[in-house]
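Below, each structure is written out as structure tokens.
Same chain, two partners: chain A is paired with chain B first, then with chain C.
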Partner chain A sequence: MKIDVLNLSKWYGQVIGVNNLNFIIEPGVTGFLGPNGAGKTTLLRLLTGQLKPSKGQVAIDGEIVWNNHEILRKVGYCPEMDAFWSYLTGWEFVCSTMRMHGFTNAEAEERSQKAIGTMDMAEAQHKRIGGYSKGMRQRIKMAQAIAHDPDILFLDEPLNGMDPLGRHTTMQLIKQLGQDGKTVVVSSHVLHEVEQMTDTILLINHGRLLAEGNIYEIRRLIDTHPLQVTIRCDNVNVLTAKLLEFDDVMSVQFDRERNQLTVETNRPDDFHLRLPKIALDNGIQIHSLWSPDENLEAVFDYLVR
Partner chain B sequence: MPIYEETYRSWHGQLVAVPRTWWVIAKTGVRLLWKKWMIILLMAAFGSLIGHGIYIYFVTRGLEQTGVGQIMSEFRINPGFFEGFIQRHWLMLIIVLLLAGAGIIANDRKFKALTIYFSKPVSFWDYTLGKFCVLGFYGCLVTLVPALLLFLFRVLLATDASYLKQYYWIPFSITGYSLLIILTLGSVLLAISASARGTRSAAILFFGLLYFPDLLRQILSRIPEVGLIALNADLQQVSSLLFELERPFRFSVVWAFVALLLVVILSFFLLRAKVKPTEVVR
Partner chain C sequence: MGFLVGFFLKSGIHSRRTIWMAILSLIPVGCSLILWLVRTLLEREGVSLVSLYPQMSFFLFLHFLLPLMSVFIGAAVIADEVEERTLPYLITRPLPRRNIVLGKLMAGTLTVAFILFVSLALTYTLMMLSEGVTGWASNLKILLQSMGVLILGTMVYLPLFGLLGGILNRPVLAGLLFIFGWESTVGMFPGNAKLFTVVHYLHVLFPRMQQIRLRNAQSALLDMVLPAKQIAPITAILILILMSAIFVGLLSALLYIKEYRLEQS
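Right, the complex of A and B next:
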């Protein structure tokens, strides 16, 4: 299922929560990234129809979301907050939310049992939520979000407070859901976690959309910041000398002990085209090549800070 | 130790639209409030029912048959008796409603649970009706149910059908009056619970709203219209019409009914404004 966001804005009096956003979210995993207060949660609440847009609209498969309760049958939402219904047990919580989705008692119980098992909460399901750790509350929230097998999942900081094993399991689950053709939107400010789940991101800051698409494509578009490329090869001196002959190479730092050099180039595409030829012509054997700032953190840094 | 299937599996069934989401909310609410203190209160209400039942037995079998009851009207099991029975349960009803309802929305707001409700196919109407039904259920257990049982008991004690022929309309009056009380107090309590910062402040506000206007009515008793601001005075005035009794206050029954209607409408608007999935933080 596809999510269309058109000219979406939300004001809280004088404060702008979300400012004129336009984007489309296709099936698969999409990461909402942005620092605290960027407008991620507001955006998620607009997407789930919990907030009325001040301007513009959100549509899921062509259906407007605001005031459309039926569309929410296909949606799973895992909110950020976790201080809720402390007097219910995890089982009661998931089961009652399933009943709200329209399942019969027996079906709701079966779905809840499976979702709770998937989130590894089977042992603690009959304890009160008030006694859960933060990680356990996260898991039970995830369980209620996935139990009805929604086509679209909105997860607001889903990995907060989870232990490493829980994070790993949840990330695998999110990836799996994306691969199954579900539309999964994950909001986070923990960049490496989002990077492990998806390449497709929406970068938000001060309620505005800074960038959208593939992390690597976005990085290439940031031409004001030269791309760093680190190369490990058998002849650092020769390669350094050859690379410095070109205009786009702005600097080269080399580390003889590790046979490694880091090049800064403002035309990454040209550089990558040229490098194999230089290596062949000069008999240089390249062992590895990677870009230390072609990751999400660098992109985030360049765009937000 | 049970072994659970832990892998994620897609569900290929068809989700059936259930138009009664409010029922799920109501059922969960009723179940969560079914605690020891609530059971004690309800037992007290039924204790009072038994007391009144014994009274009816003695009056019917003793005084009325000997003719004393025919002479002394206060001993008759007439419409006023049933109206009085509900009136005597007023305080118990307030306590039950306060315990059940003060936190009914306040807690959802406190725990930010509204965002969970409204991310499901739950509308404002489902949510409000579900919560109201919780209050309605416990309210009826203190007023409507015992009053109807009492009437039934009186009918069963009668030697012939004359009592039923004469007062067949009393169950309707009992139902109407009980539902009117629950509708008015329930909607006020829901609105207060949605507006207050917490359970305690909601309880204080509700109590104040019930008793301060009544106090004012008593102080300014020379001006009969002041009585309109007191909910219990309005309810008593309307009940006198339903049970065909002498009017206890000097203001019009129609105005009393209008005042109650206004209170319900205002409460609804307040609820509409306050029951939202997200709170605006400025």
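Right, the complex of A and C next:
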């Protein structure tokens, strides 16, 4: 199923939510990538008919979405908001949403059972959602989105708060659904998450579409922007000396008190490949590694500059 | 639709608001209990609790509990789902939005009617049993009639306050102003102004109104100068049903037209 977005704008008084978007989403997985507040959630709400476009239109398989409840039969939606009827158990929640979809009690139960199993929630299904961890709540939200086997899935930050195993399971599921010919739209503000699920992304910031297409092209754009990596290890001096031998390392700042150094590199992929070898060869134990620049806001600022 | 009503009913039962309303509904029961105890302990056999019952049900149920419960439960019909941020689960389903509204209103009506019925039945029993089982059984018609009026009132007030809840930021305040301001004040005006209140049509149907109406010379005089149009019970029922249908229709239309901007977590 295809999603057509034509001249789509949404504004709230003077505030622009999304601004003149034009794109087509084909079957497979598509990632909406953008920092927090970029307009991804507003866009997903427009695509699911929760909001009326101020201008332009959204169509699924040629049918306008706004005020068209029949088209929602083919749609699954996992909202970003951590909100539930918390007195319900996970099972009751998924089952109820299936009944709202028009399934009989027996059908709803069968579908709920399957979806809950897929999301690895069978053990906790009869506990109240109010007592679930954030990761479990995310998984039960996913279960209600997939239980009716929709052709189109809109997932708003589905991996937020999930444990590593849950993230892996969910990412595999999303990829599988895309391979099965479903149209899956996933929003995220974390680049490497989206990278693991799809090659096709839409870069959104301040309600505008910055770039659209293959993730590698966008990756290349991002890679030209020097990346900062902060490493905490047991031998700051040796690691600094070794890293400075490479020409892609533009600068190193270190903090001996915290045993950490911040490296600026203009070839992040080479850097990431090289680092484990340096650590292994020199007996350096790396405690943690993170990249403040992976915060998309910084990358977007760089891209739009 | 049956599933939706059940779902919203369950949702309502778990609401703190409903629990507070149920507690509030014990006020008339407490009052009757006190009256009964006073009458028994002080051996005031001359005080007839049976004759007090119409006034009691009129003021405490028709003019206090019914509108108050309708304001609190009605204003939450849509507002609750918005505040709890659960509305997306409902409006991203292949459900006509009028079904969501009707389901919520029917569940709300059942909740209010049940609470009122329990309270009214207990009040009735305490007051009527003061004169023996015969009095209790022979006046059952009054109980059923007043319950019918209260249900009709709920059917009008709930969608009305639901509508306010969908439009206004402070629907409870507006609702309270409406019931204790407009309904009470205009209802006392002579002439036909009271035709613009809901409670006037409920008065027409309420049992033993002639016993309840407290008239003084001034109001009798004003009524003579500006006589109010007399309404037949069947007309009152039809008008109340029409009002209910209009408010339900407007509330459904609101859910189609209005977008709800939910705060992100």
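The rule is short, and it goes like this: the second predicted complex is superposed on the first by the 217 of 305 C-alpha atoms of A that agree within 3 Å, B and C clash if a C-alpha of one lies under 4 Å from a C-alpha of the other, contacts with A are read in each partner's own complex, and residues count from 1 in each chain.
In this section, contacts are C-beta pairs under 8 Å (C-beta built on N, C-alpha and C of every residue); 3 or more make two chains touch, one makes a residue touch a chain.
Small disclaimer: the values here were computed from a predicted structure and weren't measured.
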Combined model on chain A where chain B meets chain C, clash or fit: clash
Contacts of A:176 with chain B and chain C, given as first, second, both or neither: first
Touching partner for A:118 - first (chain B), second (chain C), both, neither: first
Contacts of A:127 with chain B and chain C, given as first, second, both or neither: neither
Most chain A residues touched (candidates chain B, chain C): B
Which superposed partner A:72 touches (first chain B, second chain C, both, neither): both
Common interface residues of chain A - those touching chain B in one complex and chain C in the other: 12, 45, 48-51, 69-70, 72-73, 75, 77, 79, 81, 83-85, 87, 96-97, 99-102, 144
Residues of chain A touching chain B in the complex: 12-13, 15, 45, 48-51, 69-70, 72-73, 75, 77, 79, 81, 83-88, 92, 96-97, 99-104, 107, 111, 113-114, 116-118, 120, 122, 144, 146, 148-149, 173, 176-177, 180
Residue ranges of chain B in contact with chain A within the complex: 2, 4-11, 13, 15-18, 21, 24-25, 28, 32, 111-113, 115-123, 277-278, 280-282
Sites on chain C touched by chain A in the complex: 3-4, 7, 10-11, 14, 84-86, 88-97, 256, 259-262, 264-265
In the complex, chain A residues that touch chain C: 12, 41, 45, 48-52, 67, 69-73, 75, 77, 79-85, 87, 96-97, 99-102, 144
